[in-house]
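When the chains are written out, they are named A, B, C and D in that same order, and each has its own residue count from 1.
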């Protein structure tokens, strides 16, 4: 066993036994059905080795992790024009806060809080039918993960569509300032579906590889984004990827990462690895509790923190 | 000339000629006397090579850069107890905002906004006479920079003491919540003096070396802080070091950094270099305009971004 | 001519000539068609004398003035239970602010800001089809004004329905906290239509009589609400009736009053008169500029301020 | 016994027995010594009859009620120029909130929140020695109450000076925006002393008479302020006199009133009476709990609400 395999196995074993697992998200009813005991971890290193531990093949709802990929897609379409509609500063607020929108005239602070991600999705939607936009997002995920079996969990999408009033408030608010171009219902429809994409840790870690390797898929060598863009997406992940827990994640884990309320986290060790972890119990900021703890242990053991070995 | 020497020289030459230099800070009257044309840059690499460009030996007021060093000192005294008095999340607000304090019952968001830095200084002051506390801070700076000529600019300290009403508001506000232990006037006195420490780019880059090298002074091999603490201070610098411009700095420069309204920035390339840059003209967030541009160019040329080469 | 007739005539004449008329509301496109030169004023005194000046018979969109009447209706249905869903404190914010909702968990500050009025309408709607609820509101207005010709301007309602994103944000936000019972679209549909009721100053002053006379219609002697409730509605009008211009209206006019962005104001001189004024040009707080000036002149001349003759 | 005497006696008797008396303020240590069982009530009608109940002659700390009188004094000095430094809108916030100051660049919302009252005191102080300014305020109180025995409780003033960090924060914050002219310490010194004036209900009701009677002292006929100014001060008392409980006070009591954390309330029935009530237990907004209940009963029985009999 390689040392990476040892570390991943050790962590997966330890996490399986921890009693303090946080609370499964209940604000989307369908997510509340997740098994709080689940834990998965996959690390894909620079040589393409896939090291998996725990429930690494079980699909879960990626939720806000999708924001990393829609940001990548939208930057490909709009380039830096995107930053006219959304900022790139940490918000200092919860993921669904609307206060900041009022103080800053409808322009969301960054693409990883809900408002910002909805604005990014709106940009992808422009000029397309919602089904096309969603198809494009899904194809992009399949291409990145090199796995055509990735699908959308319609039950989760429908559940959020029935109960996503807070997101509807954010979208309508931005619409009132002209930040959204498309009808609110259509943009939200695409957004709820992108969040409902179901992926396993293996698939997610596969999809994140380009961010760890200068924008390229390391197996095929194909460029997904220019190296500078990969760096910049990582920077936004580090400062904004965990809502009002972003500082804590940087402090403890020391890697760019993006969490979702389904309990997944995608973390990037630049030049070294793409990492996906999943445990459905959340902490007070809405980030996976064990996921963060596992990543903290991993970077410590491997000396992967971007802030120094 | 080494390639690092070429890059530093090139950047210093280019910066000297740029017309768009931002505005010198005027809110502390004494700072308004700085020469907007000044520009200095010093990089000290892992082998201890000091590469200097421009006005690298001119002392300037380090202002908020002092917060990195008082945080280091205070962590040495109080350890993780420090984090009971101050958070480590980006604030999403300006350096002198008081709104966040009201919403969070007097506990500042992080040690690099003014309120947080005042709380850290209060902790250093506890149990000491202000003169002793200030002496300790100054001795620490001299030790880190290996330079006993570093002093405090009394005119700047006096200027801020006469006009620092906003900081007095922050300090009194925290005092009302019991976050400060010492009399407000004493804590502010030490704080204004620490901000008035004058250092050149060379001295500042020297002082920052331990953060680039696992907490050790690379010439002497002496440990200043444990490696994990160095990483964590770097993490806080990255997420919080440039106030509400921290996201932008991470996005463009990709290094942990701390700015001061005197126009200086200390930046850390973990494992690679300690970097100090100085240009007194500021952007809208109160960070050195050319300093940031110079660092962006430097990390791009050298592939030093922590988010990927 | 009675002295009241002299005062009303004088004011109407003066207002017709004033050049500084404010800006007609544009945020609902249909309202932008109002004639900025229009001015109407009607005072109905305790003896039932109707004294009219200017464009007293032209119907205009009553907009937020409808909130006084839906509050009255809803208090009749729910009594003090209503105050569990909406507060009765001035908000200190603009009519369409959403910040306060976030800080107070979806409970609007008072029934006269948009969020509060939507919550009140939702209460009237509960258990009914939107058409029934709207019919009930319209019948109530006709009954109070003793005028069956009052109708809803469908063009205005449709215009707001197409562009009312800010109100949709408020409604969805409250819905996310369970403050609204009905589907957001249905509640908003009723709300937009109640705001689109068109009335003349004469009709509006007629409808307001019960508030000036202990809850009774002074011509018929029929009780609309108990005397204490009339007093309390007047109190809420005084403290909250002009959004973040409520203090100014109390200071200058000294009467309970409710404004609408259509340019109308209903003002109550308790025990003395019901007053309606209309001029479509608005001030910065969204209240009729000439309407307020006319009322200030009126109360001064007649010694009608509730704060002393 | 007149009916007023009956009502006052009845209320005083009932209040003496109520068990739910609220909490005595503890944030100024010296105030915590007040007897929670105390209750006093004095009504002075238009004919100068003084009707007293309970502990009507015991002096208490008037605290924020002093703001009514310093506003009156300052308007006499500066006229409407005063309103450049302080607004007259309800704040929607607690008495000591600093958030509003940040959003509105140091200009307090109204003269009855702490920040606004400090700005008003600063205006009275300008051009004077603090002792002179304080003497002027004290002489004004004695003149209005026709009672030269009124004094300042130095123990309360000293207690607040030692602990008034929140007020020091507000003052320094305004100073940073240039809203205060004098040294912060001097303005605060006068402010803490004006709040420490000790008066009985009888003295306070005497001092308030001019507000009930068109600006005149009804016994001497001497004018204190023009009638319009008396009306306007009453209007500001109604909309802003009870902090974020102002709407509630208007809704329940229906009179202009100003409370203090010492448990006193001055209420004005325009044209009818000046009323002072005192009970040291406070509600959540910092207003006298039994004081408000007593005034609600009083206005109901006597039909004195300004919003209708």
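Operating definition for what follows: contacts are C-beta pairs under 8 Å (C-beta built on N, C-alpha and C of every residue); 3 or more make two chains touch, one makes a residue touch a chain.
These numbers were taken from a predicted model, which means no experiment stands behind them.
Chain B and chain D have Cα centroids lying 47 Å from one another. Taking the mean of the C-alpha atoms as each chain's centre, chain B and chain C sit 55 Å apart.
Because contacts link each chain to exactly two others and close back on themselves, their graph is best described as a ring. Under the contact rule stated at the top, the pairs of chains that touch are A-B, A-C, B-D, C-D. Across the complex, chain C is touched by residues 87-93, 100, 109-110, 211-214, 227-228, 230-232, 234-236, 238-240, 244-248, 250-251, 254, 256, 270-271, 300, 305-309 of chain D.
Those residues of chain C that touch chain A in the complex are listed here as 97-99, 101-103, 165-166, 168-173, 175-176, 184.
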